[in-house]
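Paired with chain B in one complex and with chain C in the other, chain A is shared by the two complexes that follow.
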Partner chain A sequence: MELTKDITLGVYIPRKTTVHQADPRSKILLTILLITLLFFIKTYTAYGVYALFALFLVWISQIPLGYAVKGLKPMIPVLIIMWIFQLFLQKPDHAQVIFSLGFLEATDVGLRMGTLMSIRVLLLFLITTILTMATSMVELTDGIEALLKLFRKIGVPSHELAMTMVIALRFVPTLAEEMEKIVKAQMARGVDFDRGNFIQKTAKVFPIFLPLFLNAFKRAEDLIIAMEARNYTGGGGRTKMRQLRMGPADTKAFAAVLLFTLILVAVIRLFPPPIQI
Partner chain B sequence: MSIIVENLNHRYKAGTPFEKQVLFGINLAIGDGEFVGLIGPTQSGKTTLAQHFNGLFIAKDGKVLVDGKNLADKETDIVAVRHQVGYVFQSPEHQLFKETVGEDIAFGPVNQKCSKDEVDHRVRESMALVGLDYDIFYKRDIFALSGGQKRRAAIAGVLAGHPRVLVLDDPTAGLDPRGREEILEVIGRLHEERDMTIVFISNTMEDVARMAKRIIVMNEGTIFAEGATREIFSEWEKLREIGLGVPETIVIMQQLAGRGMKVPVDTLTVDETVEAIVKEMTGERGQAQWS
Partner chain C sequence: MSAGKQLNVQVQGKGARNVNLSIRKIVMSGILGAVSILLGVTGLGFIPVPTPAGHATIMHVPAILGGVLEGPIVGMLSGAIFGIFSFLRATSPMFTDPLIAIFPRLFIGVTAYYAYVATKRINPILAYVLAGAVGTATNTILVLGMASIRGFFPASVALSIGVLHGVPEVIVAAILVVVLGKGLERVRGAQGDVIETDDDL
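Up next is the complex of A and B:
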């Protein structure tokens, strides 16, 4: 009985690769760029090229691919439902019906959009997983805080936002551990989480959340006291122990992503989608 | 009801980059009606091992037999095993998940589909066993309990399932002296009067010395030593080496013996110690006046 091993969100895998050593600011910016690129892709060929690059990133950052993909598992049902909706509901005028189930008609445009969308979500997940697995939580927050500072003039509380985020992420594994304890305590007293139909199984989940939330609130209170005891008053006047610095790893990262962008643009131009979507 | 562990290995977070083996080839047997102490430094694998006894962990490498049934077998009714092997967790606040004491204690019997009368009977019975007054505490909010009361409520909740084996994970940790006394007294009574098999995990050597008849010492995922309580604690140097303490009674006797007093150095309880010192000093069998 181990719940924590299935949670990949917010897990950092310490290694000494170029991806790990790059400045968090560049990593965040490049991730945003890569995600944006995803939304301009409309062909399988281009997605193939993109996937190759993503796998290349996984490889050079020494992240075990199986582990990175593991976090996807709970998303699969959602993806399938999304795919089915696309398949049957996309009906522009030029669409051709492939087959029909009663009044439902699956179209070629729907098939294509559904599949492309699923691939897009998978790659989006993979890219962000590379970022979080190759960047420690502290670096990630420092990076976000530094980037948000650009918006401080228009009233964005950069430090506070970053702090909130780091606390939220920091407590994902803690809450998972807590949940494991509660689940075990209930199992020890005769709850069988594996037995029963879907509704019965769902009903068994609610008694886990009540104590979990109560504990989370208590924990939040403790955290507030601990922070105040150390005179935390927010971002004003705080200096950083670790200064962010760009280095050779960042040059490499920008060069690699730039080169990839050029190749991708070329592929998108050379291989237009066979049907209009 | 016996527990037999054969060549058990356990890997934590198996299949992730953080995989770590925490149990290495464990072999042990706990007989019916035994009182076994399970000690070892933190991270030695005590809790992981104990959670195999009631199928919270199912052995993937090795065997765990409870009452002759392999817990990894598909035919074994694991829910029934969990009712037979009660488990009191390390911190009671994680084990209490209902709002009132009564509801929480009733949780096990309700899951066993007991009749309403039977549930009520069991709640009364287990509250009496741990010394919580039914009329006062039945409707009491869980959060309004003291540490010692929470722990007793947690034990009552497990007892209401009518287990034959009781695994207690550090039940006295963080309690004040009175709370600790009360818990130990309850555990002793369950063993004496109800013939329950007890597995007592503890970091307090005095408690283990006083309660357990046999001790299993774990270190770094293996069984470091195993034997009668007196034998284990007489090898105190070895326990010190792996970072474990020694009961205060033995420390006192060691020092007295070091100064030339002819006293036994393996006394396990305060009474026994006092008696031995009095005997040595007066030259006759003295009776301890305080206990």
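Up next is the complex of A and C:
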């Protein structure tokens, strides 16, 4: 049981494309905009336009599509179950039955809602994957901090929140190493983690969790003392080694997304959904 | 009283209001968030249960413990890290939607904290059980509620998944929180009860 080997936190793929070079702030903002746009789409035509744009993003960011889609695999069975649920269980009054299996009746509304939901999930996944594959975790955290800074005036502790995220990311490998030691120590004592029914398997979690949490809290106490000893005082007056700067890549990114938004709004207006859902 | 309490960090940016988040809260939320992420990436946070989705999660337990042991702010922040992570590395279709992945998770530690504080005087063990159960129920109900609002399931399906999944999750989390809470309490005993000195919320 090698735990530390499998841990890949970021899925960042370094390249020198416009998408990679854009400022993390603009990437996060534009991703939020693109995700929000998805929520207003209710027709296949508009989804088609959106998918074209998403694929365009994949192409210019040089992300291997196969690699991006790999993360989708564990979702597929659940997605199919959810589609079947929608198909048979959406029964508003105006729905028309397409076919029936015994007591189950598939409706046109259910079919439409299920399919639209599935396409939305796939596109949401693709957009988020483009963001995480073209932006390193460090950049993402910097971007989140810089964006939160806008809310500092109303009392949002932007630097402290970013520091919390940095600590979390920093300690995952450390804690993983510790957890591996604990698991091996318990296995040496004869605990068989793979055998047993649901209750027996659950019971085996406890001898891992208690030492893991104890260690985590101990590390936290040590870090608190270390930070206090170095007089950590939060974000006020702090300077950064990496400065975020907007450049030509950001202009291109904003222009592209703006143009796409206009086209999408036009498509949504011109092609209203055929049936009410 | 812990050392972290005596040295509250006062942040004063230009024209900014005083923002108060102590070193203790930053570090505790960060490390508990790290435990959540760890449980997610190693698969130890999923307990195989014979239900359609295949597993019950215990990734939210660090957020509950954060709320119970360190107060609602730590509970909320460690929940936020758990949420952001489950959004960025979504393994279930629902969590590709940030409104489902992040928003409900903010409240896990908060409701757990209030459940714990409300019942602590009656019976400390019962308070841990309730905190675990309430925190887990918050997660399950809000996630499935949001999922049905956002059109992932019809409401009837969300309800049955909630019962099927929620019940084993509540039981496992309640037991875990008692065991871990009691164990941690003994180790942290010398530091006194952090929650009682938590006067800034």
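Simple rule for what comes next: the second predicted complex is superposed on the first by the 186 of 277 C-alpha atoms of A that agree within 3 Å, B and C clash if a C-alpha of one lies under 4 Å from a C-alpha of the other, contacts with A are read in each partner's own complex, and residues count from 1 in each chain.
The rule we apply is simple: contacts are C-beta pairs under 8 Å (C-beta built on N, C-alpha and C of every residue); 3 or more make two chains touch, one makes a residue touch a chain.
No experiment lies behind these values; they were computed from the predicted model shown.
When the two complexes are overlaid on their common chain A, residue A:181 makes contact with chain B while staying clear of chain C.
Once the two complexes are overlaid on the shared chain, A:60 sits clear of chain B and of chain C alike.
Within the superposed three-chain model, A:90 lies in touch with chain C and out of touch with chain B [touch as defined at top].
In the superposed three-chain model, the partner touching more residues of chain A is C, compared with the other of chain B and chain C.
Contacts of A:207 after superposition on the shared chain: chain B is touched, whereas chain C is not. When the shared chain is aligned, chain B comes close enough to touch A:189, but chain C does not.
Of the two partner chains placed by superposition, A:69 touches none, neither chain B nor chain C. Within the superposed three-chain model, A:13 lies in touch with chain B and out of touch with chain C [touch as defined at top].
Judged by the touch definition given at the top, the superposed model places A:244 against neither chain B nor chain C. Residues 208, 210 of chain A contact both chain B in one complex and chain C in the other. Residue ranges on chain C touching chain A, taken from their complex, read 2-4, 7, 9-13, 15-17, 19-21, 23-24, 26-35, 37-38, 41-42, 44, 47-50, 52-53, 58, 61-62, 65, 77, 81, 84, 87-93, 96-98, 151-154, 156-157, 168, 172, 176, 179-180, 183-184, 187-188. By the touch criterion given at the top, residues 1-2, 4-5, 13, 64, 66-67, 70, 178, 181-182, 184-192, 195, 207-208, 210-211, 215 of chain A touch chain B in their complex. Listing the residues of chain B that touch chain A in their complex gives 12-18, 51, 54, 56-58, 78-79, 82-83, 86-87, 89, 93-97, 107-108, 111-112, 157-158, 161. By the touch criterion stated above, chain A contacts chain C in their complex at residues 3, 6-9, 35, 71, 74-75, 78-79, 81-82, 85-86, 89-90, 113, 117-118, 121, 124-125, 128, 132, 152-157, 159-161, 163-172, 174-176, 179, 198, 201-202, 205-206, 208-210, 212-214, 216-221, 223-225, 227-228, 232-236.
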